Every structure is written in C-alpha cells, then in structure tokens.
Amino acid sequence: MPVNTKIASKAKEKLSAPFSAEEGKKLYYYLLKTRTVDEANRKFFRQGKLLGTYFSAVGQEATTVVPTFLSRPTDAIGPSHREIGCSITRGIPLKNMLAHLMAKRTGMDKGKCHPCHYGGSEYRIITPASTMAAQTVVVTGCALAFKIRGEDNIGLGFFGEGATAQAGWHEAMNFAGVQKLPIVYICQNNLWAESVPARLQAAITDYSDRAKAYGFPGITIDGNDVVQVYVTVKEAIARARCGEGPTMVECKTYRWYGHSEIDPADYRPKDELEGWKKKDPIPRFEKYLMDQVMLTPADKTKMVADIEKELEEAFEFADKSPLPAPEEALEDVYAPGTFEDWVKGWLK
Amino acid sequence: MPVNTKIASKAKEKLSAPFSAEEGKKLYYYLLKTRTVDEANRKFFRQGKLLGTYFSAVGQEATTVVPTFLSRPTDAIGPSHREIGCSITRGIPLKNMLAHLMAKRTGMDKGKCHPCHYGGSEYRIITPASTMAAQTVVVTGCALAFKIRGEDNIGLGFFGEGATAQAGWHEAMNFAGVQKLPIVYICQNNLWAESVPARLQAAITDYSDRAKAYGFPGITIDGNDVVQVYVTVKEAIARARCGEGPTMVECKTYRWYGHSEIDPADYRPKDELEGWKKKDPIPRFEKYLMDQVMLTPADKTKMVADIEKELEEAFEFADKSPLPAPEEALEDVYAPGTFEDWVKGWLK
Amino acid sequence: MRTVTFIEAITEAMKEEMERDERVYVIGEDIGIYGGVFKATRGLQSLFGPMRVIDSPLSENLIVGSSVGAAAMGLRPVPEIQFSDFITPGMDQIIQQAAKLRYRSGGSFSVPLVIRVCCGGEVGGGLYHSQINEAWFVHCPGLVVIAPAFPYDAKGLLKAAIRDENPCIYFEHKKLYRSIKQEIPDTDFTVPLGKAEIKRKGKDVTIVAYMLMVHKSLEAAEKLAKEGIECEVIDMRTLLPIDKETILESVKKTGRAIIVQEAPKTGGVAGELSAIITEEAFEYLDAPIKRVTAPDTPPIPFSPPMEHFWLPNADKIIKAVKETMAY
Amino acid sequence: MRTVTFIEAITEAMKEEMERDERVYVIGEDIGIYGGVFKATRGLQSLFGPMRVIDSPLSENLIVGSSVGAAAMGLRPVPEIQFSDFITPGMDQIIQQAAKLRYRSGGSFSVPLVIRVCCGGEVGGGLYHSQINEAWFVHCPGLVVIAPAFPYDAKGLLKAAIRDENPCIYFEHKKLYRSIKQEIPDTDFTVPLGKAEIKRKGKDVTIVAYMLMVHKSLEAAEKLAKEGIECEVIDMRTLLPIDKETILESVKKTGRAIIVQEAPKTGGVAGELSAIITEEAFEYLDAPIKRVTAPDTPPIPFSPPMEHFWLPNADKIIKAVKETMAY
C-alpha cells in the first residue's frame, strides 16, 4: 500500500464486487441496522426515554460498520463516542445497548458510564471514556499485547479528526510505528469537532498525512463509499495481521446532526449538510448491491422488518429493566473479592 | 522553502560566505566560547565543584549557537537541558551560569531548579523544566503572544529527537501550524535519548518529516555544518518574522559524552563517536573562516585568551558566591507581595 | 444593582477585563463562534476577534502550555478547560510549568494566567462530565485555587484572578451556571483572593464548604434552624492559599465542625481542612470533625439513583450536624 | 535468608514474577539495554528479550496507556515512570483509564497493571527529580497506591501487586535504593496490599509514616527512647486503600499521633490520615495531631541548604513529638 495515497480509486475501477453476495448482504444489513437504530435512538431521546445526551453517527455508518465487519471477534476495538456501528456489527445485543442509553442496570456498563460509550470485554470493545483519543492509546496497547503474545489478532482504533490533535494520540501512533504493531487506525474526518472546523484543528487537508510522521502508510478515502472503505480497510487489516505494521485510513465523511442531540449545529454553513446527504453511504451501497444483483427489494423488506422487531423488543426490554440500586454505585471499583470492606464501609 | 527538503545543499554551493567577516568572527567566538565553557564545566564537575549532575552539549554547538546568534534579544527561546549554547550566545553572564551550576544564590535560578537549566526573563530564555518538550509548548505560547500583539518577534524552540515523541510536543507543533505562528523549531537529533537510539524513538529517519503532519516546512540538515545551519535557520527565521509561519529544522548532530556526566554511555557502538568527532563543527567552521580569510590565528589566540579570562573570573565569582540561606526555599512561590503570610507562616 | 446568573457573572468578568486590559485573551475548545459549550464566552469573539478569543484544537496541554508562554511574555491568558474531566491531559503544563516557572526561575518569570475549569456533578453528566479534581491543585504550591459559589464572588474573584500576578485555577460548578442568581453592583468590583466568607452566621456548628456544597449547606442550615440548631456556613471561595483564620475563628466559637466536599472522600480537600482545625483549634473542639463527602468510587456514576446516592446533599449534611450536636 | 538492598529487592520481584508468569512484561524509558537509570531492570532484557522488556519512546502517556490496553487483553504490564516528576504527562491514562476502566465498564474489564514510579528527595535532585506526587493518586478510587520503606516489603508488595487484579501504582523512593538493606527469605513471599505494619512498638505516641519518612521516624524514635519517650512507628506500606484499623488501634493506645510526610504540607496524605483519626478516634486523643511535612513550596529546591531546610527529618519529628508530649 503506498504511503499517503490520496483518495484511492481502486474500488471504483473494480467491475466485480470484492465480496460475495452473502457478504454484501450482511454488510448492508449492519449498515441499515446501524442507521435504523441510530435514528430510533434520536427519536427516543426526543421523547425523553434516554438519559443524559445522545451522540448520533448518522451519515458516518460506513466508517465504523465496514472495518468492524472485516474484523474477527478476537480483534480489539478502541472506539470513541460515535461508534455505534462498531457495537452493532460486533454484536452487542440491541437490548443491552438501549439499556445502556437508559442508564439501566442491564446496560453493558450497568448504568455507570455515559451514553453512547458502548463496550465490554466479551466483545473486545474497550468501553470508551469521553476523554478524546484515550482509547487510541489503549487499543494500541491491545495491539502490543497481541504482538507480545504472538497472536494474529489486530487492533482497530477509531477517532475523529479532532482527536488527532490530542497529546496521547501522537504517542500511540508513534509507538505503533516503532513497534510495527498490528493495528489499523480509522480516522473519521467528519469535518467538525463539536463546533470547531477541521481547518482550526490542523493545517492540513488530508489527515492521513499524519501517518507519514510515524513511518507507516496513511491513506485518504471517501468514507461514504462502502466499497472503497471495504477494499482499503481489508488490505490494511491484512497488512496488520501478517506483521507489516499499522495503517491509518482517513475516511472523509460527515456528521448529519449536532455534536450531540442538544447541539443545533448552527455554526455550520447551511448548504454543507445538503451536499453530504446526497453522498449518503447507505443508498449508494444499496444501489451498488442492487446493480450487482446482490440485494433484492424483498431482502431489504425482510431486513427492515427484522431490525424493527429486534429494536422493538430491545426497547421493551430496556424500558422495563430496572435502574441500578443506589448502592450499586459502590460496585466494580476494585476487582471482585478485593478491598470490599474499604468501599462498602461507606454503608456503615 | 520547500517542504521536507532533505539535507539542503544550498550553503555548500555558495562560494562567498553568507555573512560578513565581522559576523563570521563573532559566530566563531560564541562557538568557541560554548565549547570551552562546556569542557571546563565538565572538568569542574569531575573536580566536585558543581552540584547535582551536568549535561554536556559538546559536539552540538552549531545547533544552539547559530540560531541564537541569528535571533534578536527580544525573540523568545525555549530551551531544553542541552542548550548551553543559547545562553552563552544570548549573553547570560558566565558568572551567573557558573553560579547556577554550583547552586549558588547568584545563579539565575537562585539555586532553586536543576543544573544546566539556564534561563531568565531578562534574556527571554524560558528557564527550562526537566520535563522534556514542555518548553516547546511554552515557547509556542510566546510566539502566540507575539502574534496577538502584532510584534515581529519570533520564538525559537529547541528539543532533542527524543522529545518529539512527547505528547505536548505534538499539540504545540499542531497549533503552531494552525495559527501560522512566528516560530522556528530546532530539533537536535543527536541520535540518542539517554540510552534510547533514535530508531526506537520513531520509525522515521528524518525527524523533519514530522513537520509535514502539521502543515509547515521541515528540513533536515547537517547540524555540524555551521554555514548550513546559518543559511537554513536564517531563512526560517525570516519566514517566521514576516508571518509565513513555522519551520522545523532537524539538525543531525551528536552528543560526544554521556547523557549527563554520570553516564558512561557504554550502550553506544564503539566507533560511532570517532566518526562524529571527525565532523566536529568547530574546526570545520574554523577552517572555513580561515579559508575565507575571515579569521586569523591571531584572532583565535585573542579569543581563547579572552574566554579563559572571563571563565576564570566567572569561576571565582561563582565559587565565592554564597549558597542560598535555608529559608530562601520560601521565596518566589508567589508573586512579590502576594500570599506571603501563607508561605512564610511556615517559619512560625 | 442587577440580578445575574452565575454564568452571566463569569461572562461579564471576562468581557470587562478584556475591555479594560488588552493583554487579556481567552483560548479553549469551542469558545469562539460557538461561545463555549455552556456559553460562558458567548459574544466575546464578535467583540474581540479571533486572536483574542481563540478556538483551539482539541489540545488541553497546548491550551494551558501556550498560555504559560504568553503569560511569560506579558499577556494575561484565560484558558478554558471544557470539562474538568479533561484536565488530565493538561496536568503537566499546570503542575510542572504554570505553578513552578516563577519558582524555578528564581522569581524571574511571572505567570499571570487564569485557567477556567468547568466542573461538578448533579447534572447527570456521568463519569466523564462530572469530575472536579480540585484536590490535586490544592496540593500544588505556586497555584491559586479558586472555587466560587455565588455570582458576586464568581465575578469578583475572576476579575481579581485576571489582575493577579500568579497562576490561578478557577473552578466553575456547572450546576450553578443557571440555577443561582444574585444581585451584583453595576460598577467594577473584585473579591480578594485567599479569603473565605461566612455566608450564614451561627453559634452551634461550623459548616465549611465550597461551590455547590455551599448551597447544600445553606439549605441544611435553614432546615436545622427550624429545629433550633444554628449553623455557621463558611464559603471557602479560595481553596489555596487556605484562609485558616476564618475557619479557626468560627470553630473556636462553635466548637463543632462539618466539612462538606462534593468529591470522593479520601485524599480530598476536606481532609486537609479537618487536619488544620485539629492542629490549630483542638482544645476548642467539643466533638469530632465530620466530613460529608462522596464515597470512594470514581466520580460520578451516571444512572440517577447512583448519582443521587453518591452526591452529598442537605439531608446528609443535616444528619452529620445532628450526630455532631449529639456527641 | 539473604541481605539485599531496596533496589535489588525490586529487581528480584520483577525477575521472579516474569519467570513465574509469562504474561508479565515491563516497559519504560531506558529500561532495556541500559537497565534503567537506577538499574532497577538491570539484566532483565537479556533474560526476557526486547518484547518483554520494552524500551519505549519518551512517552509517558503511552507507557501507561498501552499498558491499560495490554492489561485489558490479559497481560500483566509493569510500566515504569522514570521519575515521578514526569508522571504528569501520563496522568490522563492513570486517572481516566487505568483507575476507571473497570468501573465504567460495569466490571467487565480488569486492568491488572503495576506502574512503578521512582520518586523522592534527599538526593539533590532539585525541582524535577525529587517529586513524589502520591497524594493525587490517593484521591483516585480504583487505584491501589503502594509505598514501601523496606526491602522485604518492597519485594513482597511488588509481587503482590503484580498478582493483583487491580491497577496499582507503586512508589519507589530513590534515596532508599542503595541506602537500605535487609534480610529477606530465599523463598517466594508476598506482602498483603492494604495493610500497614507497626515497625516499632511504643506506648507514648504514634508516628505514622511511609517510604523514606519511616526511616526518619525510626531514627527519631531511637533517640526519643533514650529520653524515655516510646514511639510506636507505623509504616503505612499501602496508601490506598488505607489501613485505618492499624492506625486507630495504635492511637487509641497512645492517645497521641504524629504524621510524617515528605511532600509539601497542604493537600497531602498526612491531612487525610489526620482527618481519619479525628473522625474515628477523637475521644482517645490527648493532644492535637501534628503533621511533620515539607513547607508549601514546589518540591524540592535544589541547593543543599534549601533542600535540607525543606525536607522533614528526625530532628523535626523529635521536636513535634516533644511538643505533643508536652501538650
């Protein structure tokens, strides 16, 4: 893979799809599911069903779903706050995700963390902190563990373009380069970090240029082109898995809504969103699959129905789930069986 | 100036010197003085005259002396621990420098900081902390101040190749790029960070490649070639001063002795030092000046004598200076006239 | 006189100081066009332009560290940390640079800056939008640590901090932003750094608190007054240097002390205040000093029942006061 | 039994744990070929290779943060911070990641790692090679904070920490490295985390200390014994969780307490310990609890007269004990 290749066009030139019909269909399913759940969550939020806030990733699905789809369940994922697509594709049950958003005991975090911070060790998704780029460092450590152990698992590190300005991000990338770690970094450049435009975040246009400073390939692609993401990330994962070291893939994409649901995002130019909506990754991919006769309208209808049903059940499960008991605040501070007297002494 | 130009060769091609005889002589004087004082300090250290430890910069003089020589007294300098050349060239009196190394009250830090941490506001040299790269961030802030105020002062940020792996370094460089700050970053790549070779510090050969990630020019030069450093840094300073933004100049050089005087540096390959001693910047420059008839042996003899005399007097001054009184530990915590009762209350 | 909210007081202080002194500038994430995630800097960029109201990259180390450099060159930066939970990437510059540059340079450099930090819970912010972390800075000589509870103090202290020659860290409790209003003068005023204030007089027990906990303490005091217990409520306002005199004088009068702290108990500021009282007013104490704090878990679990269980409140203060009175 | 120095005890602990458990690895600056700036990891790289003894770049955030990730994947990293003064760039990963990953994941992730931190003064290290900064971590629930004073404890606690499922931070006082020797068993042993130990029995006054200050306290106790004052010296060994029982039991017996802390006074661990004693053993106290600490200036001024003035020592402890006894 060439260093710093700009807007790779390989995928476009391919006439035949780089995946089987079955694979293509599955991929579409996850994209659709992510979109559907995300929009439903926004609705639940407005209805007051969710707690705190909600970070939508609508418009960016390709950049999280595809890499996760291409990974193995034993590969580690270091997500940030806009990676609902990773969780859905890796298979965190919707019911637990919904419960998480409602701060219920049955959420993966048992109501402890913060909305949209999906993760859990059984999924090898590092439950994120809100501190930007921190998971990039952590997942780099996962990749180090794989290298030390001689396993062929890889790490997948997700971050926004804003997070690339963070201190720790630099240290992680640099170390991954030095140690040729098995990891793929996915930069979701959605042009905005809350209200801060990318031009105030860095004096470069293509954030993949940053990879060069660490001695490994960086590539910028159209993050709304599922096929391009597929081809690029697949190759990057293959490189990582066979010991050729890290790759950074910058996906140009766009956040349709506010930073979170309480942000009207009125700092953005009016027509920017409209332009990006035309590049919506999901209809584009749907058309591609239908053109390739890999997906039929009937398939889609069934998928929609399946997803709706699962979502409905999930919502019901979450809604009926209990909130944590107050004293559960004292759980999970230390490992089970250690220092319990210290923490629980509070109750006396 | 081109982005990421490797080993610029402009200077070499020049037939006539890029400076006047008077300038060349002065520059030689500072180089010689830095070398002489540095070697003398090493001797004083071995004689037990200095306290703590001592960081020699012998072999690296060109990279600190020349940029400082090219700067104005109102330009801010953010040094690290190996920048004796900045202090000497900017004009911190030798007697205060020696007193600093002896932890005397007459040192610039009044005995408070740590050896070789030369600085002071009257010299616009940020007294360094030992925390690597921290001054890079601070001096970037100085450059920001100049830009906010609309002054044409610039910042000069010095760091080793090791420091480029630090978190804060990244944030500073990135911000300098975004704001096009008036600053020149000098990376002294002496191939080692204590015992850690540059190849374990980053997976790149030329650290100037890092500048590209921040959207400003990086250039790698022979840091032991005074003329090349002169030409390159002069241009970089001119760019900074007229609002064209930062430049990173990577100077390949070599630390002749241990990380500090208590380090035998036996982790380095035996012959590496010998090779670099042949590239000693000072005789090279001396020969150049003599070839250009800008310096005569008589000039040199006088300089040596002047420096020796100043050094002798400085040593005597420092040696006779008192150590701080114990309670001076309670001075300079807060600004004069503020919270004195709080700090001095200790004495009750 | 005019009534302002806590956050309006903060905005006004910045605006007035920027008008008064062209060396003052602000820098932080989302503070320019957006006016800050809580709108503390609303309107400032259009008044003072993008070089005095700087939208920084996502870089806390730079936000603080560049301010140290600019302060050393004579400016008066007011950097903002969007949430105190995100202060950790900036710790190096706060602790090793801002707090120590004067000392390590033998007094040669001054570092007049004010780091504004949005902090605190009871807003459902969960583990990463509720922290305070004030205790670390109280253990950092060279810093001035400010923690107001009322709009008047918020404005007066922020102005005083901006005019002060020392590096200050100024905690703003986000729960107070819009929930607390107060009348303040129309004319320029400052509140002295390093001075606590008695916010309610009382003879039976001293309650020492800061930020949101002052309000909880006052609420408790009102209720207790109905039962005949008169609490003296001290608002620390500045956490470093500590105004020992105000505390000690009060405790010498009441003989009983409760210290209220929103953060987890162990290693917090309440412990320090308790130790000072024991050291310097032991013979006046009629009962052990009690601390009302959060438990020793990461601050603050997200789900409402846990957040409520976790946070100190008026009821918990009342309980502690009664136990102390019954001792 | 064999006599080892403090640093040998530490090296042995790492070596033995790496032999016992292949999940254990070490990472840090200059720790490989060089064997560490104080030689704590000497010889380990040639035994275990560069993938288990990793020379990291100059990146404290990465040193800690990568260890969090590796621990989450089941390894047992032992990252080293070369000097505690340089822990600030790693604070974010320690506080927000290592200490909170278990909690924020609802107990899903374990983070078994041990951050070794070289710290402390009395070695002429000046402002940036003398800090300890332990207090910040004592205010960070989720962490275990370890601070040994003797080779036996150093080895036993480090082994226990490496085997523990919790994120531990292990402070090593550099002054102790070669100045303290002790006999230790040839066979495997651990020392339990979270338990203080009485290092000297006494009936008159309790002295609570940790790391270097334990030795200063014992020195003071020896001298005081000649004057007929019998001090009980408690070595905290672990600073979080705090072994309250050992302290309280002792104070209930002696009725008097001195707490010794090397760091600046305000906001330090001594304040917390004092507050605990007041809260839970008030009625047993015959005199105010005294703290013997450094003054509130940045730690530690370089020049010898100032360093000596600054640091707590046996004489200062003796003075405090006598004042307490005379109360």
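Per-chain residue numbering starts at 1, and chain names A, B, C and D are given in the order in which the chains are listed.
In the analysis below, a residue touches a chain if its C-beta (ideal position, glycine included) is under 8 Å from a C-beta of that chain, and two chains touch if they have at least 3 such contacts.
Being a predicted model, the structure only gives us computed values, none of them experimental.
Two chain pairs are in question, A-D and A-C; the one with more C-beta pairs in contact is A-D.
Distance from the centre of chain A peaks at B, each centre being the average of the chain's Cα atoms. Look at where the CA atoms of chain A average out and do the same for chain D: the two points lie 40 Å apart. In terms of their C-alpha centroids, the spacing between chain C and chain D amounts to 30 Å.
Chain centres here are Cα averages; for chain B and chain D they lie 36 Å apart.
Taken residue by residue, chain B touches two or more other chains at 109, 111-114, 129, 131, 165-168, 171, 174-175, 178, 200-202, 333, 342-343, whereas all remaining positions touch fewer.
Multi-chain contact residues of chain C, defined as those touching 2 or more other chains: 56-57, 59, 61, 85, 88-89, 92, 96, 100, 103-104, 127-128, 141-142, 241-242, 296-298, 301.
Chain D makes touch with chain A in their complex at residues 25, 51-52, 54, 56-57, 59, 61-62, 65-75, 77, 89, 92-93, 96-97, 100-110, 112, 141-142, 144, 164-166, 193-194, 241-242. If you check the complex, the residues on chain D that touch chain B are 29-30, 32-34, 37, 55-61, 83, 85-86, 88-89, 124-129, 295-298, 301-310.
Chain A contributes residues 51-52, 103-105, 109, 111-115, 129-133, 162-163, 165-168, 193-196, 200-202, 267, 323-330, 333, 342-343, 346 to its touches with chain C in the complex. Looking at the complex, you find that chain B touches chain A at residues 165-171, 174-175, 177-178, 180, 199-204, 209-210, 212-216. Against chain D, in their complex, chain A makes its touches with residues 76, 78, 107-114, 117, 119-122, 126-127, 129, 131, 134, 137-149, 155, 167-168, 171-172, 174-175, 178-179, 331-336, 338-339, 342-343.
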